[in-house]
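Once you scroll down, you'll see the structures, which are given as structure tokens.
Okay, so chain A shows up in both of these, paired with chain B first and chain C after.
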Partner chain A sequence: MDQNSLHRARNRALGIAHGVGLFLAMLVICLPGIWIVLSSLRPTVEIMAKPPVWIPRELSLDAYVAMFSGIGKGGIPVLDYFRNSLIISVTSTVIAIVIGMAGGYAFARYRFRAKSAMFLGLMLTRTVPGIALSLPLFFVFARLGIIDTHFGLILVYVALNVPFTIWLIDGFFRQVPKDLAEAAQIDGCTRWQAFWQVEFPLAGPGIASAGIFAFLTSWNEFALASQLTRSINSKTLPVGLLDYTAEFTIDWRGMCALAVVMIIPALTLTFIVQKHLVGGLTSGAVKG
Partner chain B sequence: MATVSLKKLTKSYGPVAVVQGIDLEVADREFIALVGPSGCGKSTTLRMIAGLEDISDGLIEIGGRKVNDLPPRSRNISMVFQSYALYPHMTVRENLGFSLKIAGAEKEEMDRRVAEASSILGLDQLLDRRPSQLSGGQRQRVAMGRAIVRDPDVFLFDEPLSNLDAKLRTQMRTEIKKLHAKVQSTVIYVTHDQVEAMTLADRIVIMRDGFIEQVGTPDEVFRRPQTRFVAGFIGSPPMNLHEAAVDDGQLLFQSGERLPLPSQFKANVATGDKVVFGLRPDDIYPTGHGISSGEDADVHQMELPVTVTEPLGNETLVFAEFNGSDWVSRMLNPKPLKAGDRVKMSLDLSQAHLFSAETGKTLRG
Partner chain C sequence: MKGWRPSPPLLLLLPAVIVLAAVVVLPLLLSLYSSFTPFRLTKPETLWVFIGARNYVNLLTNGDFWIAFARTVVLLTVALNLEMLIGLGLALLVEKASRGQRILRTIMMFPMMFSPILVGFQFKFMFNDNIGLVNNALQALGLTDRAIPWLIDGNLAFIAILTAEIWSSTSVFAILILAGLLAMPREPVEAARVDGCTPWQTFRYVTWPFIMPFAFIAMTIRSLDVARAYDIVKIMTDGGPAGRTELVWTLVARTAYSDARMGLANAMAYFSILLSILFTVYFYRKLAAARTQIAAEW
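Moving on, here comes the complex of A and B:
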């Protein structure tokens, strides 16, 4: 075999190995998701079977039907939970993005006293595990009377997300050359107009990704929500999962069905925003 | 179209003064180049005129109107940035029309003015592209187009050509000159490239360390530099500058070698004065291979060893050793020379410059 065909064979073998490796990695990542969807459609015996039944023998939507069929018929107040989740997540995300934009812009563009100390302080808040805060938060919220309210959870999630959105959005504003806002001001914009007309659209993808992260954090958060909510007034979907646990049994099928209901909006949102996340918009602004 | 006047204009960042009280009058339709080494305050001056930088002290007037504290949009200026600063999320057409859109212009008016600017700059084919799809030269043109569309009182250019390659730079330089002839407006042009300044400007302002060293036409700053700094900064290759002492009607160099004191300075110096002697490469040449501008009596002949030659085709730069260092000379209609040759050189002393070693100011009366 001559050198050329040797190299060709080796490249082909490497390509195949590459493909197999990627497939295995994707399998590890996707399998839990697939398993949840499958489990929501099959009877408990099959879910609990050992060794596992890989190919489902019967599929049914019973769990979904039961979920929406009301208290007493195996249902849970899923619509209330969904509404609570939506209100809390959307509101806290919007607030976190607004604060993140203001803060990120300030950190990216202005010089002020104790700037790096403040930035470090914001980042340090991320090092505290949320669960460690649950007890103090519970006491404070109990005193304030905001346990089991939308407001309480929104407050927690805004505090949780703001350092992150500031950090992310700061990075994106830094990538927008300063010259652009100056050019816009010379072209007749006020400082405010220059921001909205030029800097905001260019940092848009970054702001959108900060939004997704903030939304998903709020949407999926369980530990704090389970402490700070009590009833259908404020319980979110992750907390609602607990409704499927009884004293001695866990309804895995129902829980998986609710998990699917939770995943779908998050997945949809990510897909919608994803196409706006393409980077490289700023390329070509400056230099050749 | 408007005049621009700077009076005692100052900019300091804390204790550091980067522009130290400069005065400048720019006439209507004049093309002024601010030139100087980096950190001399030229860009800061331009940004203060644009309103992008607050001024610490002094006065800026555009068209006789004080604009000290006006925001950039109220000064009716336009600016071309070194980085071009095109809006990447807009097409060329939107980039050009942006200022009109902000001003709330009618659609027809906008189209008309964008078309006008794009035809001046040859951008018609590019109107629907985005900046990322353009080459460096095209981006440069769009940046200029955006400036033209505004029909401003004053054009400000901040090193607009420094991101282009050498060939394109020469080409765009010519285009800027043509453009100025066409639109006939006041231009303030910042560059660190003295060739750009010389070729484009009606008058050149040479700055150093926040001060203006000299203001003059290209010819004035080249032929009559007021300071040693200007003499060394303007001209390529730079002027030969060497310290010497005046001694009995002669210049005594550190190596002990002597040159006659140029006659035009005789009245202004006395024995013992420390001076800096300057002679442009054009005024030193291997005898018979240059052009004397003065009387033959002013041309001093001496034999010098050649250290390096740099052939440029139509001319050759010859480095000859005198006073312990290399002096650049320009040999027209070149003949073959090599390092080590001893060559008879002509020094045209009628074109020589003398500066005070102490103050750096010219000793010309």
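Moving on, here comes the complex of A and C:
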């Protein structure tokens, strides 16, 4: 074999290895999700079967029907949980975005004393583990009587989301050239007008994706919600998921169905933002 | 009246500072105080008894706590390193792909959307000794004929939790490192090739320094949220059986809410906060250093 064909053979082998590696990696990433969806559609008998049934013989939406049909029929109050999750996540996201926009703008456009210390300080408030924070909050909220209310959880999620929102929005405002706003100001805009008419529209998509990220954080949060909620008044979906394990037997199929209900909004939203999200996180990386 | 006017950035940051002070800083001060008391939820008056550092002394001499603490540190160290390596590998694989990069990137983001509690549940399901996918597959392939007690044996449960942790967080690394690879200028790599570098040398001395800041961004983001492992462990094993998978966070939750010993739990929580802060500050400084280095070279 001459060198040329040897080289070609090696390249082809590498190409195949690359394809196989890529396929395996994607399989590992997708498999758990696919398995959950599949299990939610199969009868419990098949999930429990020994030896296992790999190819489902019948698919049905029974689990979803049971889940949404109320407490009496073996379901859990999913609709209530869903409503709570939605109200809490949306409200806290909107507030966090407003606060984050102000903060992010300050970091992107102004120089002030102790700027980087301030930034790190804000980030550090985010590092406090939810469960550690839940101890004093549980006590304070119990005293204030806002445990198991939407308000309490919204307040907590705003605080949870503000630091990261500031980070992201800071990045997006940095991507908007300073000259644009300055030009607008020379043309007679006030700084306020220049912000709303020039900088805000340009940073808009980025801010929207920061919002979706905040929404997902609230939507998925468990450690704090599990301690600060008690009943259908304010329980969110992640806490509701544990309703299935509270008994002696686990209703695998029901849990899978609820998992699917939880993941669909998150899935849709993430697909929308994926492009901007990465841009916002990395924009500061190279430029400093 | 021309009085003192606060500067614009201060005014803009004020709402953020107020919210964070009210919801995070003040409660943490309260919990710092209560960590010096024998506070129990069932006996509110114990909040006013000051016992000095006795809770901390108790903790320092408590073997169970140190085991849980060490287990947490080991879990985080192993998980973060593996996530970084696998994420790097994944990013390189995807970057090399000639077709379908968009769809590959989308699939890569998939685990990010899963709430940690869902990740925990799905791996609890898959690692179930009786009906789990993993055991079923192993048995179907004839690799073993017994049910491996994944979530019951301490070491195996650690591996199961590690798997869940890595599955859920590798994509953060992969996505950000991929962003770095795509943003990288082509010339230095080509110049290195022309100068006769091997692929490994090109990667080590040209590509890696460039994507390093991106890796550290991922590390920083990830370390902000290390405590999400709590959610995963909570649903997979809840620290059990018999404390064999107990992490600092599950121990805090158990001490505070099951045993109602808030004071002690708060002292414990401070260790976990310190742990998170250490991780974050460490990576943040690395990030800052990497940024200035890149700015100087490119």
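The working rule: the second predicted complex is superposed on the first by the 248 of 288 C-alpha atoms of A that agree within 3 Å, B and C clash if a C-alpha of one lies under 4 Å from a C-alpha of the other, contacts with A are read in each partner's own complex, and residues count from 1 in each chain.
We take it that a residue touches a chain if its C-beta (ideal position, glycine included) is under 8 Å from a C-beta of that chain, and two chains touch if they have at least 3 such contacts.
Because the structure is a prediction, the values reported are computed rather than measured.
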First, second, both or neither for A:219, with chain B first and chain C second: second
Touching partner for A:118 - first (chain B), second (chain C), both, neither: second
Partner chain(s) touched by A:30 [first = chain B, second = chain C, both, neither]: second
Partner chain(s) touched by A:211 [first = chain B, second = chain C, both, neither]: neither
Which superposed partner A:254 touches (first chain B, second chain C, both, neither): neither
Contacts of A:184 with chain B and chain C, given as first, second, both or neither: first
Partner chain(s) touched by A:201 [first = chain B, second = chain C, both, neither]: first
Comparison of chain B and chain C by chain A residues contacted: C
First (chain B), second (chain C), both or neither touched by A:240: neither
Touching partner for A:193 - first (chain B), second (chain C), both, neither: first
Overlap of chain C and chain B interfaces on chain A (superposed complexes): 281-282, 284-288
Sites on chain A touched by chain C in the complex: 18, 21-22, 25-26, 28-33, 35-36, 39, 47-48, 50-52, 54, 98-100, 102-103, 105-107, 110, 112, 116, 118, 120, 122-133, 135-140, 155-156, 158-159, 162-164, 166, 216, 219-223, 226-227, 238, 241-242, 245, 252, 255-256, 259, 262-263, 266-267, 269-271, 274, 278-279, 281-282, 284-288
Touching residues (chain side chain A, partner chain B) in the complex: 177, 179-180, 182-191, 193, 197-198, 201-202, 280-288
Chain A-touching residues of chain C, taken from the complex the two chains share: 7-10, 12-13, 15-16, 19-20, 22-25, 27-28, 30-31, 34, 41, 90, 93-94, 96-97, 104-119, 121-123, 125-126, 130-131, 133, 136, 139-140, 167, 171, 175-176, 179-180, 183, 213-214, 217, 220-221, 223-228, 230-231, 234-235, 249, 252-253, 256-257, 262, 265-266, 269-270, 272-273, 276-277, 279-281, 284, 288, 291-292, 294-295, 298
Chain B - residues contacting chain A, complex: 50-52, 71-73, 77-79, 81, 83-89, 98-99, 102-103, 130-136, 139, 146, 150, 163-164
